[in-house]
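Step one of this worksheet: look at the structure below.
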Amino acid sequence: MEPLASERTPAHAGDRKARLREDFRQLSSENYARCTQCGRCTAGCPLASDMDFPPARVLRFLQLDQVERAARSLAIWFCVSCQVCTTRCPQEVDIARTMDSLRELARRHSLEHPGSGDILSFHRSLLRVVRRYGRLHEFPLVRSYKLRTGHFFQDLLVAPRLFFRGKIRLRPRKIAGVEAVRRAFARSGVPL
Amino acid sequence: MSRVGVFLCLCGKNIGGTVDVTALGEAARQMLGVAHVEDATYLCSHPGQEQIREAIRTHRLTAAVVAACSPTMHEATFRRAAASVGLNPYLVEMANVREQCSWVHRDVHAATAKAIDLVRMAAARVLRSEPLYPLTVPVTRRALVIGGGIAGMQAALDIAANDQEVVLVERGPSLGGRMAQLSETFPTLDCSQCILTPKTVEVAQNEKVRLLTCAEVESVSGYIGNFQVTVRLRPRYVDAERCTGCGQCEADCPVGKSGMVRSEFEAGLPQSHRSAIYRLFPQAVPNTPVLDPETCLYFQKGTCQVCSRVCPTGAINYDDQPRTETLAVGAIVVATGLEPVSPGIYGEFGGGRYPDVITGLQFERLLSASGPTGGEVRRPSDGRVPQRVVFVQCVGSRDPAKRLPHCSKVCCMATAKHATLYRHKVPGGEAVVFYTDIRSPGKGYEEFVRRAIEEEGALYLRGRVSKVYPEGDHLKVLGADTLSGEPMPLTADLVVLAMGLVASPGARELAQRLGASVDEQGFFTEAHPKLRPLESFVPGIFLAGACQGPKDIPDAVAQASGAAAKVSALLARSEFAREPVIARVEERTCTGCRACIEACPYEAIEEVEVATAKGSRLVAHVTEGKCQGCGVCAGVCRSHSIDLAGFTDQEVAAQIAGASP
Amino acid sequence: MTSMAAPAERAPATPGTAQGFEPRLVAFVCTWCTYQAADLAGTTRLPYASNVRIVRVPCTGRLSAEMLLHAFTFGADGVLVSGCHPNDCHYASGNLAARRRWIVFARLLGFLGIPQERVRFAWVSASEGRKWADLVNAVVRDLQEVGPFTDYHHLQRRTAAL
Amino acid sequence: MRTGYYPGCSLQGSAAEFDISVRAMAEGLGDELVEVADWSCCGATAAHALSRDLGLALPARNLALARQQGFAEVLAPCAACSNRLQVTASTLAEDARTRDRIEDIVEMPLGQTPRVWNLVQYLQAHGLDALRERVSRPLAGLRLACYYGCLLLRPEKRLGFDDPEQPASMEAVLQALGAEPVEWPLRNECCGGGFTISKPEAVLRLAGALLQDACAHGAQALVAACPMCHANLDMRQRAIERALRRRLRAPVYYLSEVVAWALGVPASRLALGKHLVRTPEPDALVAATAGGT
């Protein structure tokens, strides 16, 4: 059980929790006290039924200052960024952005929920391809994704149809400014 | 030689906690003309006031500065205290070191420094002040009540009960307001019409009450005790004297037969329609129908005239013209009520787009025995009896994103009532309520809600709804149950939106005409949120019912009676004393340039002839009764010949000078 | 939060001290709208810059050019005039009368060598406590940019008795 | 009129037909699309999901490039791209501290950014009346379901494009083409977006519901403006049919395809054949249903 904000001990170097909180505050400037737990985000979320905690519950964790619990949830990975929650939140809390912030936090402190595997691998594969070529190419993307996840037989039926319709290029080209793109990746400090 | 006393209030910790009162006292002692300084924990308390009286006596003070809260709070208190020991109340000046210092500044040094300046400003000002004596003005012993809903009617009847004349102005064609549209009332479930109609009749029959319907306040001038109100009366096109209320015109009107026009009284339910000449409801008071030229075939197409042909008494008058009437009244009660937010601002619910998504008010009409379905709950789309009704609360309430942050107060109870009545009428039906929090303070209210849940079997789910949309001939409701933490998508036959409540249309404009102020939702601002909830900022203008904020019937009635009592107290006297803050002319220097006359918003200044060595000349002259003390005249006078008592050039100048150490 | 952005709540330093200059702001407000708004800011405990000194008048229409000049001669670095919103004037049209006068008055200011950015006109209604707090903070911040105003201090003696 | 063109990665690959039809459409409108030289990926859904800064930096680089190359307006037909570019532009505009940080990351000035258009905004800029006049093959009698999905509409505050709850801008375009847009409530709901590959079961559920709702409201085909949506509705449609045990065979046009076709662009230049669900020329569709299949 994490302490409430009021009970929190002052942060010192060794205090992992405090570092986590600090990092999160840096990533998200939302005021979670605004959330009334009305559940409208949960009600409209297309993926809520697949999540371990509904969006409103994730916000509740943040209100209770249980940042780590929120970052360890599967919910943040199943968020597809459709923005319905943010659009309909009566209290104007940017829930979708919060999910982004929590994912980034989870990555930094390697708190990713084990169930995030496929989705995270896909994001990472995609970004790795972009870092390599400057643009996204589906062939290397799918190849790298399959290698990461071992889903070798997924879409075996679709793939050839895509190919014969000229939707998959086998020989991706790099853009001229690829180096600049790579530096941007480096500076953004996103672990891939 | 003036001797100013400075009194410092700590207001418990409210001031003492942030302002270093000792340092403040030290500084005050050094100030020009200050003869005595003392402090107290609560100056406004009895001992506190006694302390002031005592000091004025023993130190022979000629003026006083009270450093405490806002003058709006206690200026009157301290001035009374001073007056009681013979010090002219207008020689008491307040320094607002609480609202405008200790409560808004956290740094002790900054707050103290500011407090010192504020006291110095007040002391400098009061040195230039002179004694003033209250003026008395005559009172017109007649009241105006704006709005013929339950609050307006109650206020009118209570004032009349004190043998005082009342003019009741209603915008619509008849009395009753929102309450007339309700089916039953919580928590007792007695029929709204049944308890309302006797009151409407009472109003109509009371000879102290003059009822003006189809009437709106066009302009207001004057001041407390002496308002001139111009009322605009829309043509009714039916002669009330001749009309017997037989209803023949209404019955034969082709527009009514065509069913083209939906009835506003039925909250625009598709099943409802009205004639072009109509009464809001059968028991309407007055019972004279009104003709609506917007929908009347004769006015639109020049043909028809059926109503005038069938009228047995020839009461129909197509040439009826709008009139205006000016009333002299001593006091005004605003009782303009509220209206539900339009469902249109929530596209995700499709209210007004999908026929079976209706508002709470529409559901009231479906439940009402006098409603379009005769009290049977049938859905607008296909007339089927809904087997599951989903009630959605907080639509247009507690929603900062839609600039509607306030709680509408009555929806929780109204929804519990709707669920209960639905279960009574459709025993097999399911009532599901999505709520944010159940707010049921009030006598028997919580018990009523519990009954709805425990005995009537309404299923209450704590969560707001994200979206409502048609699926087949049902509706899909995307809700959530935050207590189990699960999304809760439901299928429903009928969805009822508990729309939030805002001030009735035109409230803002009316407030402007009255010189009163309203908040973001258009609700009238009371003179003090706690201590003067029945009064507007404008002396002589009182507030009754939901025009001041969402209210249920008992609250509206209670506030109406309260406002009425205040009006009666005011009208009880033929004269009343008012603040002597008015403009004064120095005739010797007045050049008669007329600048003040042009500037005065109240036409309170006129030219008069004064004798001079060589004949006579024209100078400005102030009519005390009309002057409201705004001081615009003093602002424009180039020769400083007209000044405002209580806010003289000298006083203000001194106060400004006092701001610098 | 507003208070964060607010200028340091230190006692107004003597104008002219380059570092952490705390301007003196004299605010002329009408008793019906802006004074009530300032009270509301208080009752809702909205912190704001302590540099402001309020002079209450029944209506901004009451003010004359002299009063504003007077404020400058007595050490104000800036002047704020705030009344009811147009059409909400407690005295029907006093605030508009004032507004009209300021148009003329603005030119006079220039003529007297008072930079216009030192005088600010605003409309704050009784329900706008937050707006009042933000307004004061904004004006004080602007004045800190503009710096102290000393040109008129020598007039102090002469105009002392107006 | 010379407009900057940001095709985005999908249009170079799996959504090639989108690219083809957009170019054909612009030509039909007498507009010149000039590809932003050396554009890079906007990071789509992945970048902002893992890194706030990268999620802004990747679009920012392209905004800066477009600016350098003197484009005042840039068309990004892919809803995901236009969304990320617009969100980034507005974020940089209102938050100076973030802008400075991102400038350091992309090594380019971001003070001024070009106006980014999604496909519908681009057509609106041309004027729907102008469009109506150029129509040579009206889509008369064609009942189409416009699918907005998420990225065209949300976040509303940053995109400020259309009413996110009851959008109507695509319908207006189709009406200009003479078609009969059907009103269907799920047109602004999510299809599963970027989960096409990483969480297919969710896509089947969500996209399945959409296809059924559209058909239930009498649509003969859907119209989309997003390659991700198209992938979920078209590429995944067979899987959806299997999951639902129901035959849908609902063609999913790109908005640009129907516009181009109505403007008279020959079908041979539209690559409708690249869709996985057999997608006839619009008039054939009308004939087919008129024939009562």
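We call the chains A, B, C and D, going by the order they appear; numbering starts again at 1 in every chain.
Here, a contact is a pair of C-beta atoms (placed from the backbone, for glycine too) under 8 Å apart; a residue touches a chain by one contact, two chains touch by 3 or more.
Keep in mind that what you see is a predicted model, and the values were worked out from it rather than measured.
Undergrad: Could you tell me which pair, A-D or B-D, is linked by more C-beta pairs in contact?
TA: Result: the pair with more contacts is A-D.
Undergrad: Per-chain Cα mean versus the mean over all protein Cα atoms: which chain has them closest together?
TA: So the chain nearest the centre of the shown protein is B.
Undergrad: Whole-Å distance, subunit C centre to subunit D centre, using C-alpha means?
TA: Here the centre of subunit D sits 52 Å away from the centre of subunit C.
Undergrad: With chain centres taken as the means of their Cα atoms, state the distance from subunit A to subunit D in Å.
TA: Taking the average C-alpha coordinate of subunit A and of subunit D, the gap between them is 24 Å.
Undergrad: Taking each chain's centre as the mean position of its Cα atoms, how many Å separate subunit A from subunit C?
TA: That gives a centre separation of 49 Å.
Undergrad: Can you tell me which residues of subunit D touch two or more of the remaining chains?
TA: 164
Undergrad: Considering subunit B alone, which of its residues make contact with at least two other chains?
TA: Within subunit B, residues 348 contact more than one other chain.
Undergrad: Mind listing each pair of touching chains for me?
TA: A-B, A-D, B-C, B-D
Undergrad: Can you check the complex and tell me which residues of subunit B touch subunit D?
TA: 346-348, 350, 353, 469-472
Undergrad: Can you tell me which positions in subunit D touch subunit B when the two form their complex?
TA: 163-166, 185-186, 213, 216
Undergrad: Please output the residues of subunit B touching subunit A within their complex, sorted ascending.
TA: 348, 394, 398-402, 436, 462-467, 478-482, 485-488
Undergrad: Within the complex, which stretch of subunit A touches subunit D?
TA: Listed in rising order, the residues are 27, 46-47, 50, 78, 80-84, 86-87, 94, 96, 100-101, 103-104, 107, 118-119, 121-124, 126-127, 130, 134-138, 142, 145, 154-155, 157-158, 161-162, 165-169, 175-178, 180-181, 183-185, 187-190.
Undergrad: Tell me, which parts of subunit D touch subunit A in their complex?
TA: Listed in rising order, the residues are 9-10, 12-16, 38-41, 43-55, 57-58, 61, 104-107, 150, 153-156, 164, 189-190, 192-195, 197-200, 202, 206, 235, 238, 273-274, 276.
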